Amino acid sequence: MTDVLSYRPKPDELSYTFGGREPVRRVSPGTVLELYTEDCFGGQVRGVDDLPSRVCDLSSLNPVTGPFHVEGAEPGDTLAVHFVSIEPARDWAISSTFPHFGALTGTHTTAMLHAPLEERVWVYDVDVAAGIVRYHARRGEYTVEMPLDPMHGTVGVAPGASEVRMTITPDVHGGNMDTPELRAGVTTYFGVNVPGALFALGDGHCRQGHGEVCGTAVEAAMNTTVIVDLIKGVGTPVPRLETDAALMSTGSARPLEDAYRISQHDLVTWTADLVGLDTLDAYQLISQAGEAPVGNVCDPNYTMVAKLDKRYLGGVSAYEGVHARLRDAAAVYLAGR
Amino acid sequence: MTDVLSYRPKPDELSYTFGGREPVRRVSPGTVLELYTEDCFGGQVRGVDDLPSRVCDLSSLNPVTGPFHVEGAEPGDTLAVHFVSIEPARDWAISSTFPHFGALTGTHTTAMLHAPLEERVWVYDVDVAAGIVRYHARRGEYTVEMPLDPMHGTVGVAPGASEVRMTITPDVHGGNMDTPELRAGVTTYFGVNVPGALFALGDGHCRQGHGEVCGTAVEAAMNTTVIVDLIKGVGTPVPRLETDAALMSTGSARPLEDAYRISQHDLVTWTADLVGLDTLDAYQLISQAGEAPVGNVCDPNYTMVAKLDKRYLGGVSAYEGVHARLRDAAAVYLAGR
Amino acid sequence: MTDVLSYRPKPDELSYTFGGREPVRRVSPGTVLELYTEDCFGGQVRGVDDLPSRVCDLSSLNPVTGPFHVEGAEPGDTLAVHFVSIEPARDWAISSTFPHFGALTGTHTTAMLHAPLEERVWVYDVDVAAGIVRYHARRGEYTVEMPLDPMHGTVGVAPGASEVRMTITPDVHGGNMDTPELRAGVTTYFGVNVPGALFALGDGHCRQGHGEVCGTAVEAAMNTTVIVDLIKGVGTPVPRLETDAALMSTGSARPLEDAYRISQHDLVTWTADLVGLDTLDAYQLISQAGEAPVGNVCDPNYTMVAKLDKRYLGGVSAYEGVHARLRDAAAVYLAGR
Amino acid sequence: MTDVLSYRPKPDELSYTFGGREPVRRVSPGTVLELYTEDCFGGQVRGVDDLPSRVCDLSSLNPVTGPFHVEGAEPGDTLAVHFVSIEPARDWAISSTFPHFGALTGTHTTAMLHAPLEERVWVYDVDVAAGIVRYHARRGEYTVEMPLDPMHGTVGVAPGASEVRMTITPDVHGGNMDTPELRAGVTTYFGVNVPGALFALGDGHCRQGHGEVCGTAVEAAMNTTVIVDLIKGVGTPVPRLETDAALMSTGSARPLEDAYRISQHDLVTWTADLVGLDTLDAYQLISQAGEAPVGNVCDPNYTMVAKLDKRYLGGVSAYEGVHARLRDAAAVYLAGR
């Protein structure tokens, strides 16, 4: 029988870093976690007049739920987190520009002498039953529906080398990768750096364009269910994702070509290892068959994903089939809900 | 009645630059061009022992067919080139590594002290009827089919400011953008810099992964049909693409985030203009609805594409509907072939 | 009368992070600290056969001495650290290549398929009295003297936002900036992020080329004396340096142009503020008078320095003259030693 | 006896590209050229109200004097150009901001949604006898003297591969490198790509800060004397400079770390070749002894210089001593003037 843990953090239980925090709960591999995650504004932006720089405490942006200590996880293992479902918790969601944040504005690192762009908030209608969100222009009457496509921007484990990182930063421990590929049905893999792995997640998006060009997505609190599992004695160099149809490697770095290089390099060497190809043969295979979905081009590190359809793998399975098992477990859980 | 020009360049008619060449033919807007393009190796690599650095004259890589002088084209106009069909001319195609070229190797600009990676050639089987290409590993027996998805890596016009650029380099005039989005059914738009526009194309790919990570795609000679048209008095700042379903802007630059920025910036301002949104409202719309297909991460400039589904445009047409008209003309042509 | 604290860390007192550590000592502003710092290899590399990847524990690279809690330091203040003297502690020093580290090699972020460059160790003779170090080629007999020019690669305070960063990484809190400008006679300024500031330093170099291109300098344990001071209620956005002759701002980021931008942006706005210029007038002044010494082009963030000769400041002083006062205090201390 | 050619281009003789132009004169190796170069604004900006975007024809920015056909120069040779003297032709000089140009502003490639920074012109007083230029703030009364330190921003030869490049762009053929190292007393070396080399120069600066951060230097027309010479059968991969005291390699690329890599890579391999070191030993030597003066961080490619004091070369000469011979010839010429 499956353990199920339901957990909704109180405001003072939210985390703003990966690492440096005591776990909020301890769970066994195989546990189903029914979680609530707050939006990236800490729920403080509720209308077009709530400018984030005014209503948000800047040290309290991008809260995550967790961390969770997974029993038995040790450095050198891999944590698998399967996303069973991601459901918006409200019938509205928020996006905004933010001073000196985004891809088409000067920032604190791409430092320029321009005044910041106008800070502006957009409120989206969210209709989970219909599967849509609705955009409203702030100047003029234009409005349009977009498909609901829920995802989590921020997922990860405690970093290695005793580091503690703000949740806004993606790196090899995961974090704020902001890839739309991280939706329900996906299994994510993280190399474990500390005992218990200390997994946390947050920053739900009703949907997101590629690169999150203005710096924020359709930001929403989420009711999200995941199943955690553990692959002992197998490392994972960068966060990876798996769906029924594809394998994915991530890379988070600057400049953007390095994020691309990290993700493609990992996909090439992982594929070589799985299929039994030599490195250049795998390089060639990925060169023609590989995809490269853009994650974010706005966070402290940019994120790229390298993706390969499983049809090119000759039938082999990654991580000894853990994704399929978690998928089955998710189906059983959902059927019984 | 439509003018049709069939043209197959003799070897000494091939071009290796955009700009700096007399036109090979003069055509009127509306003309259908049935063209032959040689592969990026000039057809010199025909088997696994034909190492490109040995069999190719390095000054004769990436030949293009053209340039074509389009009657009436003047600086400030936009040239529209609709791709009617792109068909591999042979039943085999080539890919290879090349010394100091590609995304996962030191290059002449990302200069490193490593010896080059091994130069290796892969020969693909091409089956147009079945719609597949077949990959064969060079070490071991692994082989797999991939869908045929023909495209052109290199398309463009003569640059402005009297410049002449090698065909290998993508920039605002087009060139070697290497985006898989440039397939049959697409209309491409280029700002005209010189009288006649001087359009040329080449570098056919049977298919290509995102970023062309090893530096080459499944390279093939092509029989390609395009229709050219002219939009007078309307400029186009960067190469754009249109399909029945989407608008696209391109950006070619280094680092890769600048290619992303150029493409997204153009899509934001173009969308604002088409839909009648203010800039920040368009920025927000693209942030949630925009896609960012990677072109190349290996050429002298990297290329990113910014893409927007037309469903978000509220029914407006770009360039006064020229894409739809060319699509119809293509259908008439194909029906009569 | 000046407080003097002499402190030589025991091996288990060394720190490998900024942040996340209890202070080793508490000191008052004005205290002279006579410190010993170990080299970046933790003193484990002592000859050409001691390959760092073999003899060093990778989690124990780049140790720093500290952190020191400075009484009264609060977030929003500025910590001033004046470098009185930096003296090599041994008559030899070490440099080396290191697998996948350096500017002319593939790394974990600029990920490539090349095997690592050869790992090789060079031992330098250090003659403090003569003021020289001696290079010996490892293949062949070539040898040459270079001027001794001691500096610290790693200096900083605890980061904000509860972060903990490896000492190898430079950022707004300081860290491994690896700039040759950080030599004796310099006052460094850091914005305080946590009570007590938690200052630490290490990674002494007998000298270093611009950019530290191979990844390591002429690495040495040092006997270093600093005086700490506090500027209450005045913030400092990025680490700054001051000499008798010049002001300097630093920037640490990737790509390298962003490190340049951060440093130049801070120097422009700082100069505008000090001299009473409007921003564009200061931008112009720096454009013609500013220097840009390269720090490192090999660490997780790259570092650039923006430097302005004080002759262009019209006689104004930064931080109300604290550098001059610390310089005087250093002279008194040195005279009495 | 030395040939001396005095040449002052008529306005319609100015060049705006490298490549694509017939030579204005043919000269023999050893010829002294007494040249006039116009400023980067084509002399059109003469006061603070002459905004460049209004008074300049944008296709006529950054004119160069030349090209000169050097008799006997063939691809594979090296052209040596020794700078005998660089003297401002007027008692005033100009700097300005320019819309979407510079390091601390959004540009056409680092594309942003900000309105351009204010376009503003500064007029400098130039006193050649006193060796100073004088800066005047535009808002307020602040003014300050800076040393005159004349240099040329733009020097180069025709590119290879039939390319024609705008003078604004630096690349392996030279061009707009904008390095303050290019002053009188320097010998520059360029690999020859076309018969006659087709050397040209322009864009004189009374002085320039490191990186030319606002996009322009203290721009001036110049009376400049050079001596050209030819090194047959010896190639030069990137532009190099030599003074009595140092060797320098340049790199022009984006991102800035690639410009750094190119320049350091060339200096490492050049030093290895000259001194007879193996590559890693030269890498180590440059790592500790090399300098990295920043050229520009604002042009279409950024430029870095890698510099090595000749004291580290063990007495060997580059290019068989051509610099010393040209230096002597310059002294003879200057004595006879």
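General observations
All chains are identified by letter, namely A, B, C and D, in their written order; residue positions are counted from 1 within each chain.
What we mean here is this: contacts are C-beta pairs under 8 Å (C-beta built on N, C-alpha and C of every residue); 3 or more make two chains touch, one makes a residue touch a chain.
Please read these numbers as outputs of a predicted model, since none were measured by experiment.
Looking at chain A and chain D, the chains in contact with each of them are B, C.
On a Cα centroid basis, the chain most remote from chain A in this structure is D. For the pairs B-C and B-D, the larger set of C-beta contacts lies at B-D.
For the pair chain C and chain D, the distance between C-alpha centroids works out to 33 Å. Mean C-alpha positions place chain B and chain C at a centre distance of 48 Å. Computed centre separation for the pair chain B/chain D is 35 angstrom, with centres defined by C-alpha atoms. Annotation for chain B: residues 104, 110-113, 117, 254-255, 261, 264-265, 268, 280, 283 touch two or more other chains.
Interface residues of chain A facing chain D in the complex, by the touch rule stated above, are 104-106, 110-115, 117, 255.
Of all residues in chain B, only 16-17, 19-20, 59, 108-113, 161-166, 251, 253-255, 258, 261-262, 264-266, 268, 279-280, 283 touch chain D in the complex they form.
Listed in rising order, the residues of chain D touching chain C in the complex are 95, 97, 103-104, 117-118, 120, 122, 133, 135, 137-140, 142, 144, 146, 207-218, 254-257, 260-261, 264-265, 268, 275-278, 280-281, 283-292, 294, 297, 302, 311-312, 314.
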